[in-house]
Amino acid sequence: MLITMHPQATQEEIKEVVKQIESIGFKPHLIPGAQRTAIGITGNTGTIDPVTFEYLPGVSDVIRVSKPYKLVSREVKPENTVVKVGSVSIGTDDLTIIAGPCSVETLEQTMAVAEVVHSCGIGLFRAGAYKPRTSPYAFQGLGLEALKILAEVRDRYGLQIVTEALDEKSLELVEKYADMIQIGARNMQNFSLLRQAGQTKKPVLLKRGMSATLEELLLAAEYILSEGNYQVVLCERGVRTFADHTRNTLDLSIVPSVHRLSHLPILVDPSHGTGRREKVIPMARAAVAVGADGVIVEVHCQPEKALSDGPQALLPDMLVDMVDQLRQIHAVIHKERSKTQKV
Amino acid sequence: MLITMHPQATQEEIKEVVKQIESIGFKPHLIPGAQRTAIGITGNTGTIDPVTFEYLPGVSDVIRVSKPYKLVSREVKPENTVVKVGSVSIGTDDLTIIAGPCSVETLEQTMAVAEVVHSCGIGLFRAGAYKPRTSPYAFQGLGLEALKILAEVRDRYGLQIVTEALDEKSLELVEKYADMIQIGARNMQNFSLLRQAGQTKKPVLLKRGMSATLEELLLAAEYILSEGNYQVVLCERGVRTFADHTRNTLDLSIVPSVHRLSHLPILVDPSHGTGRREKVIPMARAAVAVGADGVIVEVHCQPEKALSDGPQALLPDMLVDMVDQLRQIHAVIHKERSKTQKV
Amino acid sequence: MLITMHPQATQEEIKEVVKQIESIGFKPHLIPGAQRTAIGITGNTGTIDPVTFEYLPGVSDVIRVSKPYKLVSREVKPENTVVKVGSVSIGTDDLTIIAGPCSVETLEQTMAVAEVVHSCGIGLFRAGAYKPRTSPYAFQGLGLEALKILAEVRDRYGLQIVTEALDEKSLELVEKYADMIQIGARNMQNFSLLRQAGQTKKPVLLKRGMSATLEELLLAAEYILSEGNYQVVLCERGVRTFADHTRNTLDLSIVPSVHRLSHLPILVDPSHGTGRREKVIPMARAAVAVGADGVIVEVHCQPEKALSDGPQALLPDMLVDMVDQLRQIHAVIHKERSKTQKV
Amino acid sequence: MLITMHPQATQEEIKEVVKQIESIGFKPHLIPGAQRTAIGITGNTGTIDPVTFEYLPGVSDVIRVSKPYKLVSREVKPENTVVKVGSVSIGTDDLTIIAGPCSVETLEQTMAVAEVVHSCGIGLFRAGAYKPRTSPYAFQGLGLEALKILAEVRDRYGLQIVTEALDEKSLELVEKYADMIQIGARNMQNFSLLRQAGQTKKPVLLKRGMSATLEELLLAAEYILSEGNYQVVLCERGVRTFADHTRNTLDLSIVPSVHRLSHLPILVDPSHGTGRREKVIPMARAAVAVGADGVIVEVHCQPEKALSDGPQALLPDMLVDMVDQLRQIHAVIHKERSKTQKV
């Protein structure tokens, strides 16, 4: 942490700040400047709020320096983390694709999509059993019945199942039935749920909150790792901005930022990120081109009849087309990425 | 819902859209325009996603018209809702003030603040027993021990207790020990928690999410009302923007907007809304001046020693000063507000 | 400026950074920390971009410390600036109100509003002669003809004229005909226009850009002061956010922030800040309550016939009502503000 | 435009609205709904502000339907516009790359970069002669001297020159010396400058404002086209959001949105969009992958000595590497794009 004093700050004021710093057990370092004095603070300052010093007489600014997260940091673990979901690895040089319908609606509808996903050589299947819906009157998911249908999908097609948990009860069931636990954007700071996910043995897909900073996303992941579960994959799914031409603004620049600061893999969700079918493939291409470890997309055989988010679902032939394009783009950037280890 | 066709749309395309509308059980109304045709849709369209029609040939735009919320709407219940917390009423012509420390740290610290709050003639006491913290390494609250201390505060000072619940377990305990259940900004779309709060018999203080639209806030309240609990108070606590001079941007204009669309009371939290002690009183004055039903603020006798959010806590004498100013401003706007029934 | 090194940074890397700092003429100060080394930089670092050092081997972060603005800063001039517009002073303990129609449409319409404004005891009249319109097909203002009408308003009612300049030509005419030059939000970073305004002898009303940070607003003012014109008044008029219940989100917390960092007065524009007539009075009250030096509002006698922004214009009787409410609120906060010199 | 009445609206209130609509010369269309009546309005309603009707008794909502822009719209001109800058065409199936230093600093520095750009087979050279700088104390560009240096670059390397104009005077000079006039983000709504650019014979590169919506961007272009200059290229360069890990948030999803609504080409600027050298190549790849017509990037041979924006400038070998990667990605998406005409 660094404190800068006002140009007119008196020696007494400076002494007082130094005393305060020592009184809470940290070490001050005076930096007498041309116009003003600055005071560096060392020790593990991660837990002090900069503002603590801001109102001492003579203080101009207080700036936090050290990062508050540890386990997710590349400084602590330089090599990339590879997350294993059954037979599939995320965070390697291979491109990860997760696909499936927004929700499990019926056995038939789910199997039909699974058939398409499997036929594209995709190993991970996503579909919602528990749906967080803005309106209490909207379809909320089939729950346990859906989880059982997803188990059948795994049995029939060997697809690994990724599905969202909303609360304590659903997390227990998702852990039991699925292969990867998804924590949605609305729950990115549901800390009880994060801790519970950290105590499971299943890998976790953690989506960025709608207005979460990079630091908040990494700290949410830190909650999971701090409970002992190191199998975490991050996911960018769009943030809230003034822009009204898409449902959310997909912030692809977070991908290289995550790769620089953390060893965790990061996927991109262009379906929720745009909310518009015709933008999913272009943004999925962009996600792979920027260096994401993969994408997660929604597919439906009859989107116009979907009980949720039909308008953003790809049609089967669009999925085939997308996978083909993504693999070509991934091949282009692959060499360069492996060179630089994604940093 | 309204659909506008492209100027070049053919009669066949228009017929097709009309057929689609009828096929899902709604009534189309053709509006032949100078440049283009529009098609109105009637019936309860609250549940259709506009985008469902957006990709039919010839369609230019689809606009949703009807509101998705019902029970919280002033259209459904024109008169203001008054929420009773023990002997205190929120949503009347009286100004509501809720004050207390960010967290319960010790019996002494809590009683000391309660003494101050009570001496200001304030009837509602806030203090966190369960704290949602961005970092897993930050103080997380004393939990049940804190709730018992708060019960003592009620016994000794007759203050009604407002405290936050984070999950199923803490909600059960908060319902048992406190007088009003707070759902924090990070949980505004934790729909399981909202439903559970809707099943309790205690009034609920629902804070706006950091990037929640007005409609999402009202729909979050709708979750609680739809479970049978009509005792809900909304709270603006600042939203995420690019602005970096305060922790959040307090969006006071939502107050008249809520009063126009809903019958529920709304408070403002200038402590979290600014994150800066010296801005709390000015913004609290602004909140009362804009017509909020009241404010909720943090107070601490030794903020520099607070385990959380010390920098935004008012000192006791500042609270006294604030209450005095707020009451004077409330008196000024009171007549005008009662005239217009806050709309 | 402060540089923090990675925990694993080598002594060579640290030496290299020190050399770099010296090579560009600044003084490095080593701060050996528990986990990592930090390096303070002194000298006038306002002109270095922190990122200059960010990619040197071993560097973790670079943080800018000193403020880039000077003349507008309270550190340089502690006492409040009072801006004189003819006989009216802005930035004193008196409340400033500027009112008038969005645009000058006709002599009659303008005089009718001026009559109302004057009858409220308001000394400053606003009305657009040159209108920045989002669409090239919208009414663009009467230009010179409007300026002449405004000069008549001054002659007849003794009102001081505040009107916007859009470019070099209009600025010359506005300087000639009006008493205060308004630079609109869209031109807040039109640096040529700012310099030109800085070379005039007339006071300037500078509106905050739609996504300008506090620092950018102060630097825009710095452009004007740096040319020799110290008569600058800032104005908050709402910023762009995801929130869709008002046209813009009025950021009232910038008022105490400006008063803390700068000696310049700041007004608030609740008309453009909300875009909704019924929200103008509540937000104007809030602006005065938060401590703004005054407000600027739009008034129209027949808003439904206005050529621009009719929906946000107050009706004459609403203006009378508002002025009455604002003066009462101003009286309430006046003592406290004078105590604390607005800081 | 569509008006929805309150469920409780009376027949008199509905009649009144209908009368109002007719009184201003438009045609009302009644849509009696299950719960409420809606009223469609036809005629060219582009110029009415929806709020005009919002406060009539019984009115619930007013929604604008028709688009306010015309000349830039794909509805008016379905085929893509190709913009010619000397021998180079923008908006074809070829990938456009514009590269060069942020500013012209010296003849040597400029020629050195031009040499690199030319050697990559790039036909368009960008470099600032007039720099819009947030601080009045920062380097403001060499002006005319820089324009003459750029003219030499054209003579020596046959590169077409793209450079920014800030005001009337600089626009006249840029039109005279350069091949393409850039209007920067800060001037996107400097309507006088837009009109002036519309009266020139040179193609215009129009950058999106920092908080401009898609509609505002298209309307800014409409200003230029409405003056008779149809040679306009749009450019996404990042928007303002709460996210703090990059200087701006590059909104790539605007590319398919522009291609859907307009016939104008759109480029992406990953240098300003990220402000970080190491993110420029990843985001440039993403821009091409999403379907942009090209990119504009900054290059410098000694970024650490650059007078502006050094930290985001690519090094020569990085440019070579980037061009190679972009061409491969462009080849991948080219077929698919030509199929779908970019829509």
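Brief remarks follow.
The first chain written gets the first letter, and so on, giving A, B, C and D; residue counts start at 1 in each chain.
The rule we apply is simple: contacts are C-beta pairs under 8 Å (C-beta built on N, C-alpha and C of every residue); 3 or more make two chains touch, one makes a residue touch a chain.
Computed from a prediction, not measured in an experiment: that's the story for all the values here.
Seen from the C-alpha centroid of chain C, the farthest chain centroid is that of A. A count of contacting C-beta pairs for A-B and for A-C identifies A-B as the more extensively joined pair. Note on chain placement: the centre of chain A and the centre of chain C lie 37 Å apart, centres being C-alpha means. Between chain B and chain C, the centres computed from C-alpha atoms are 30 Å apart. In terms of their C-alpha centroids, the spacing between chain A and chain B amounts to 26 Å. Chain D has residues 211, 239-242, 278 in contact with two or more other chains.
Chain B makes touch with chain C in their complex at residues 211, 213-214, 239, 241-246, 249-257, 260, 273-274, 278-279, 282-283, 285-291, 321, 325, 328-329, 332-333, 336. Those residues of chain A lying in contact with chain C across their complex are 2, 4, 6-8, 29, 31-36, 38, 40, 42-44, 60-61, 63, 65-66, 75, 240-242. Chain contact summary for the complex, chain A toward chain B: residues 46-47, 49, 51-52, 54-55, 68-69, 132-138, 166-168, 170, 186-187, 189-193, 195, 210-211, 216, 219, 222-223, 226, 239-240, 275-278, 304, 309-312.
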